[in-house]
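Look at the two complexes coming up: chain A is in both, with chain B in one and chain C in the other.
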Partner chain A sequence: MKKMLPESELARDERFVRSKIEDRIFDPRGPKLATRNTGPAMMATDRPAAAERSRSLMHGIFVGEIQALEGAGRTCFDFDDDEAPFQLKLDMARQCWDESRHCEISIKLGDHLGTEIGEYTESTFLYAAACNPDPVMRLTGVNRALEGLAIDVFNTMREFGKESTDPVLEFCEDWMLADEVTHVKMGSDWLRRLTEKDPERRERALEFQRTVDKIFNLGGFRGEQEENPVQLARRFRELAGFTDEENDSLSKLAAESTEEARQMSELLAGNN
Partner chain B sequence: MSDAFKARAPFAPWDRRELPGLFSVEDTARRVGNYKWTEMRLFEVLGGWVATVPELDVKLVLGRHTYHHAWHAELWHKRLPELREMNQERMTVPANDAFVAFMDSVRDPEAPELTIEKLVGVYRVLIPRLIAVYTYHLNGTSTITDAPTIRSLKFALQDEFDDWRDGEMLLQSLIDTPEKVDRAARRQQELEKLYIRSGGIAGPGSLGETAEEQGAA
Partner chain C sequence: MAARVHVSPEQFTLIPYDANEIASIAEDVAALIGFPPNVDIEIEVDEELFAPLTGHMSDVIDGAARIWISGANFEDKKAPQHFSPEQARDDLIVALLRAKDRLSDGFDGASSDADITRAERAAWDASVNGRARELGVRVREQALRYEFRLQHGFTDVGDAAFDRLFAADSVTWEGLREICRETGAVDRPASKVPVDLLRQK
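Let's look at the complex of A and B:
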């Protein structure tokens, strides 16, 4: 079996439908939707689309968990003993088990919310962050950027479960949130250990994380404004080892992404 | 009221543990190093395969089992320094080149259509042999002097039995035509022949002396 499996070769059964991230961003229906005054996009129970949004987000969580599982698994395999320390691989194996459980939880929560596997498309850009040939970059992209996003998403869903008095949703999201905080902490610890004597490599890794974070902001998907469906979970990010400075920087990046998305929508709407 | 200071036998009547065992400290370190190497190669490939199998139930089981074997590798890693082997990497080796060839073959299948081949290698060939070699070690080692290895062997064996059952049930649900029965059998034969050539996870004598060796003694 070869090392480094490209995202195009991820194996899926017939239910899954793959889409590209650019198809979503440049979806011609987007500008028309954006011109409708549908109020804030933040997940809230009083919104007419709340149920549909929660199902869609749950499906997104599910496919994200599969890709996180696959990414952690590939890190166990892709690197020889001299490229990645034994203990790092043990951590990644532990993460495989956690992500596998998260897939199981998300499938059952999908049933609970009324959706099913394949109802929404899957884009594999999360796994793409796990394809970096440098283990430090990969750990930073996956365990800090991707798993950091997972903290934000799970906290948003947990709050939504609380608000909608859905104890099953709230309970499960809280458990998954605990695991994700552990994964981010793992990534922060390994970044520090592996780059202790190589500040340049650390800076490159952090730059890679910023790039991945920017992609994961998904044109306003995440942020701290009412129009961001997923809210930045500062408290849990701090527990996971992100500094205030890092959280402020991510918030700024998210606000820029939201603004860019708004401008693009207006531009496209003007052209139509 | 009983007398707390009355002399009692150090071993209770039901404690039948004995001192003699089959393995010296050096033998044990060598075997433990072989176990660690094997469990490492196993957890790596299970993790690598997750992305290559389309069957969702198989994908999730492989994710879970990846950790089980990583944890076994960690147990053996921690045992090595207790066996006077301070350089753990030095002892983390395969039994011989033939065993490397066997493991390479177990790890070889990649295509998404080869789930049966992947699972047969692990759940019908390798894991039953891990169960055998761990059981031999458990039954043969000194129950007093080597108690820490026994504890780890028991933990690992419990996982191996559970994982073997998970894998075998997945295989039985995937093998649903006579052609697939043949595929699975071919794969098993191919790997078992390679395994025999190596003498086993701990090399020749993995399960004790061979009949030939016993005759020569």
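Let's look at the complex of A and C:
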């Protein structure tokens, strides 16, 4: 079996349609829309197109779970034991089991919300972050940055379930959220253990995490302001082992991303 | 004979939609649902909106049906920025069925779409989509049920109300309001966000 599988070779059946993130970034409607008030960014029942937005996000979560499964699975296989200890691979195998369960739960939640597999396109940039050839970098990018994002997304959906009095959504998101906390914790523990005697490597890994975090702030997608659809879940991040300092730093990074996206939209709108 | 369907903008500049194609689909839809032939239909497509920002509004003003619709409703979800004739047909059937309701006696005194509550709209959509299904529209019942639940609650009473609306041959404005009383939606706090926010520029 091939090691280091590129995202272009991910296996999907005919229901899935791949999209490129640049198609959305360069969509000519984006800058126009960015200057309009389309309602509160946070998920809420009185938000315009609330149901369609939640279906679209749920589909995004579902394909994200598939890619998280693929990422953790690749980590079990891509590295020899001298690069990644067997115990780490066991943790990744356990995470695969969690991600598989999340895929199934997400499919059922999709049914509950009224969508189906393949209704929306899939972007594989999450998996791309799981292709780093250094196991420490990969673990930091995936288990701390991406699984940290998953904590924020699941908590946002859980809150939406609560606000809309939807017991199914609230319950499912709560359980998946608990898993994500353990995934982040595994990432933090392995980062510490694998770089115990190599502070430079640890710093490189943390820098990689900040890069991934910045990408996945997605120009204002995540943050602590009302205009951010996904809110930073500080409490659950603390439980996962993030320090206050790290949460503050991420919050600052998210605010910068939001501001950069705003400036970019104004610039593009001015050019059109 | 002057066309009775008018689509704006006449020329799309952000996405490759064709106003004539949309008008042609609307003509076919009007014939299919038995829309009164003496009533003009004006369709305004907001080409700046994209998925998932869907939405449409149907009013009757000065004797003409005025449809406002998000460009996202006509967009092929699997090929963003591309027009989906099938999706356009399905959504125009629903939008024009609501306009047709407004022309009937049962909707005398109905609020305009900008003043309707989200719960009233969800109830109306359930009814219209039930009838659209009879006309061959690919209706996603569970998606509609979820939209109804968001506004009427995740309860057995709400689900039973949805089932009745979805199966009904017709509905009246007073009937929709009665459903809102039955599910308790009328007691919910008023929406802080205008229901026609997406339409506002």
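The working rule: the second predicted complex is superposed on the first by the 272 of 272 C-alpha atoms of A that agree within 3 Å, B and C clash if a C-alpha of one lies under 4 Å from a C-alpha of the other, contacts with A are read in each partner's own complex, and residues count from 1 in each chain.
Here is the rule we use: a residue touches a chain if its C-beta (ideal position, glycine included) is under 8 Å from a C-beta of that chain, and two chains touch if they have at least 3 such contacts.
Remember, it's a predicted structure, so these values are computed and weren't measured experimentally.
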**Prompt:** Looking at the overlay on chain A, is there a clash between chain B and chain C, or do the two fit?
**Reply:** fit
**Prompt:** So, does A:Arg29 touch the first partner chain B, the second partner chain C, both, or neither?
**Reply:** second
**Request:** Quick one: classify A:Lys20 as touching chain B (first), chain C (second), both or neither.
**Result:** neither
**Asked** When the two structures are overlaid on chain A, which partner does A:Lys252 contact: first (chain B), second (chain C), both, or neither?
**Response** neither
**Prompt:** Touching A:Ala93, do we find chain B (first), chain C (second), both, or neither?
**Reply:** first
**Request:** With the two complexes superposed on chain A, say which partner A:Arg193 touches: chain B (first), chain C (second), both, or neither.
**Result:** neither
**Message:** Let me test your reading of the model: by the given contact rule, A:Lys108 touches which partner, first (chain B), second (chain C), both or neither?
**Reply:** neither
**Request:** Kindly classify A:Arg235 by the partners it touches after superposition: chain B alone (first), chain C alone (second), both, or neither?
**Result:** neither
**After fitting on chain A: smallest Cα gap, chain B-chain C, Å** = 18
**Item:** Touching residues (chain side chain C, partner chain A) in the complex
**Value:** 14-15, 47-55, 70-72, 77-81, 118, 140-147, 149-151, 153-154, 191-193, 195, 197-198, 200-201
**Message:** Show me the residue ranges of chain A that touch chain B in the complex, using the header's touch definition.
**Reply:** 1-2, 5, 9-13, 66, 69-70, 72-78, 81, 86, 89-90, 92-94, 96-97, 99-101, 103-104, 117, 127
**Fill in**
The residues of chain A that touch chain C in their complex are 17, 19, 23-24, 27-29, 32-33, 36-40, 44-53, 55-56, 111-115, 118-121, 164-168
**Complete:** Per the touch rule above, chain B residues touching chain A in the complex are 40, 43-56, 59-64, 66-71, 73-74, 77, 89, 107-110, 112
